């Protein structure tokens, strides 16, 4: 687990650092959604697989946005575990792998993505509130607004799908024995 | 010059040194220009039990004990009883025995042989630091006609590390023995023809197998000790580091087989040696070697089974498990040396074959071949080396999306990358797989890979080495392993009396060689099968694998009682006619 | 080192083979796969110089999913395969992976002796306290009163195997526990384990969402151990006395030299070996 006691302002003192965080966050989200899409494919949940691929594509665009914003700047080189995501070891946006289920429905998938965006909002809010550098604070607020927009978009998207019944995860067959 | 040989047995108990005496006598015989063999037999005690050294010397190379022994030297009367079945005597045999000492009230077993009491222990006491076994050495050397100088040369070498006093005492004892033997009946030993130093070797089958392994290219061995294979491992433990190789003592046989598979995956030709119980433990992982196509050699020095059986004695009863013990359809190689010196060639060839075909090879040696020490002609170094088909760096096979580790190809042998080679990454797998090595449960992939693994082994060109065939005629003896020795001697004797008999000693037991076998059996009307197995494993294998023409007779018995040439002659008597002596 | 995610050099995803895992979605092993690829990327080892070795079980499918060399062997023998490879090829980075059944039950003897032998390699055990591939039987690390194992319907009634205790007692040179809920922390620990000479054990609590769904709660229960790693086995042992299995972090970093025989020839010509046989 990442050390929780440090103030992220000690890590994020410059806009370059903030951009590095932002880039890592979006790139991890692409990876994560692609991974989840593949999991769903293997388990023949193609509707949700397509949705995750779509989410990965959207996150890919966010990666491009951050790269554009970083043009001409030299971002610090941080290893995956050198980022401090405040309340967990993982970058906030991608959604957690352990929340996946092979029978999950589009509603769940969007819920998972939405929670990620909400965590991203919380993260950048925290950075903005603790920033000592004006530029960092300004950029963090912009990122909060952007992530908040994503949350709202996902909320609208989610409304298009019914909330699943309580027995959504019933499997009519027993597990398969492999080896 | 015809064969003349002498058979000598020494027995003793309580750490009396008969093995040392026997070894020195054999080496002295070798130095003098004789060929010879020596086997050991012992009671169950680790130290102090009854022990016997069985020697035979000759002016021609030997592969078997004789039908009976000419001379027995017992350091105490009780020690001989345990070995009566292994030391058959004739009326004209001689037993020299120190009737004093040993087990209380012990007597010599009832035989018709002439008994001579010689107080060797008392004689040794008269020499400062003297030992009865060195008296025995002097006695035996004199009786069989070895010059005292040849014994002294051996003493100098053997006792160098023990200091001048020990050497002096031993020399004095040998001298006493020579003097005492003047009054004993002398035997006519084989003619002594001097040979230049180095032309003859003294080697055991187990050492020979180790030598064959390293000559073939083996540089990694994992080992768990087991009788009677331990000497192979001990020899390799000191020899491999000289060659930049290594022997790892593993925690069990499951570890040793898997360690060698791991090392071979890493590109090092690898081997382990074991005996029946260890082979049984290894079979699952030998199947892994088949499926993942990682070459390894497993040398099984067979002993009496089942279970712990008789761990120190010979039997040829791991044939079934070696051929059929792997689960699933698992094509692999099974080979057996046809003589003690052939342990070099067959093990070396096995390394070559395993590497060439990326498959496991089981070599079935046995206790008799492995633990016999022989004076032999220096064996030739046959140029069979480990050569694995490896894709060249930058070869097209590695340029594609995924390296096709298990590509079917024409021969079934697919080029195998070695870790470290860029672009050649794959996962070796015991799961059935596609040509690229991805796990697959599809019929088509299973069939294709089964065909591949089978074809590469059945389609290989083994040349003439699959068996040793000699002689002519319409009667044939088919045998294998340590049974070949007494069979060869039996046939030599029969042929000397005009009999026309063919011999087939099978070296390559799996895969079967139907075409070669048909050619060998051409015109054969009678077959004798000789094997050391209670359930006729070899006979059943031959029946299952080949069409055997004409009358088929089986001469089988379990271990530990070795075959004698005379017994095989008896089996053939009514087929050969004429003088069968 | 370069950034595992955003930097130059080989990225984490380039250590994946592209074969899609058969694990159940939600399985902790997905995260460990991510940790492993991030660790390899962090170390920037060329994939051809890495070998991932495994036995049988869900987590033992790991090698197939990586772009390194790999060996998926038989049940319980991963450490023996890996030891053979490492001794024969000390130049390679050898990592064994597997589960609690493979490593501590059928492979228990090899675990003991590999700790003892201390070859320079890393063993990542994804511990879910259950046999997943055979449909949910109790494993050596299962708690004694777990009654859902079909072969032990009244619970196993026997003490769970304690990997860290056994590893310490047997001589492992680096001992750590991670949680699959912390992908980056696990990646960091794997890097440390690979770099530390000798045999490194990394136990990863990795939930089985199919047969032990309650393990999803591990995420909330695990916590970093309150103390730093020690090089003193006695201190490490005392810490384990109060360990309930949910502390994460590096417990022990020893300084025993790894097992690695020299592989340098002492003679020029193999024919020199013949001399000992000549009369």
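In this document, chain identifiers A, B and C correspond to the written order of the chains, with residue numbering beginning at 1 in each.
We take it that a contact is a pair of C-beta atoms (placed from the backbone, for glycine too) under 8 Å apart; a residue touches a chain by one contact, two chains touch by 3 or more.
Keep in mind that what you see is a predicted model, and the values were worked out from it rather than measured.
With centres taken as mean CA coordinates, the chain nearest to the overall protein centre is C.
Across every pairing of chains, the maximum count of C-beta contacts belongs to B-C.
Subunit A and subunit B, compared by their mean Cα positions, are separated by 68 Å. Between subunit A and subunit C the centroid-to-centroid distance comes to 29 Å (mean Cα coordinates, whole Å). Subunit B and subunit C have CA centres that are 42 Å apart.
Contacts with at least two other chains are made by residues 179 of subunit A. Counting only residues that touch two or more partner chains, subunit B has 431. Residue ranges on subunit B touching subunit C, taken from their complex, read 27, 30-31, 197-203, 207, 211, 214-215, 219-220, 222, 239, 241-246, 248, 250-252, 254-268, 270, 284-285, 287-288, 292, 375, 378, 381, 419-431, 437-439. Residues of subunit A touching subunit C in their complex: 1-2, 20, 23-24, 27-28, 31, 35-36, 38-43, 75, 77-81, 83, 88-90, 96-102, 104, 174-175, 177-179.
Put simply, subunit C touches subunit B in their complex at residues 17, 19, 46-49, 51-53, 61, 63-64, 66-74, 76-77, 80-89, 91-92, 109-110, 112-113, 261-267, 270-274, 277-279. Of all residues in subunit C, only 1-7, 12-13, 20-26, 28, 30-31, 34, 38, 42, 56-58, 75, 133-136, 179-185, 187-188, 207, 209-211, 216, 219, 222-224, 248 touch subunit A in the complex they form.
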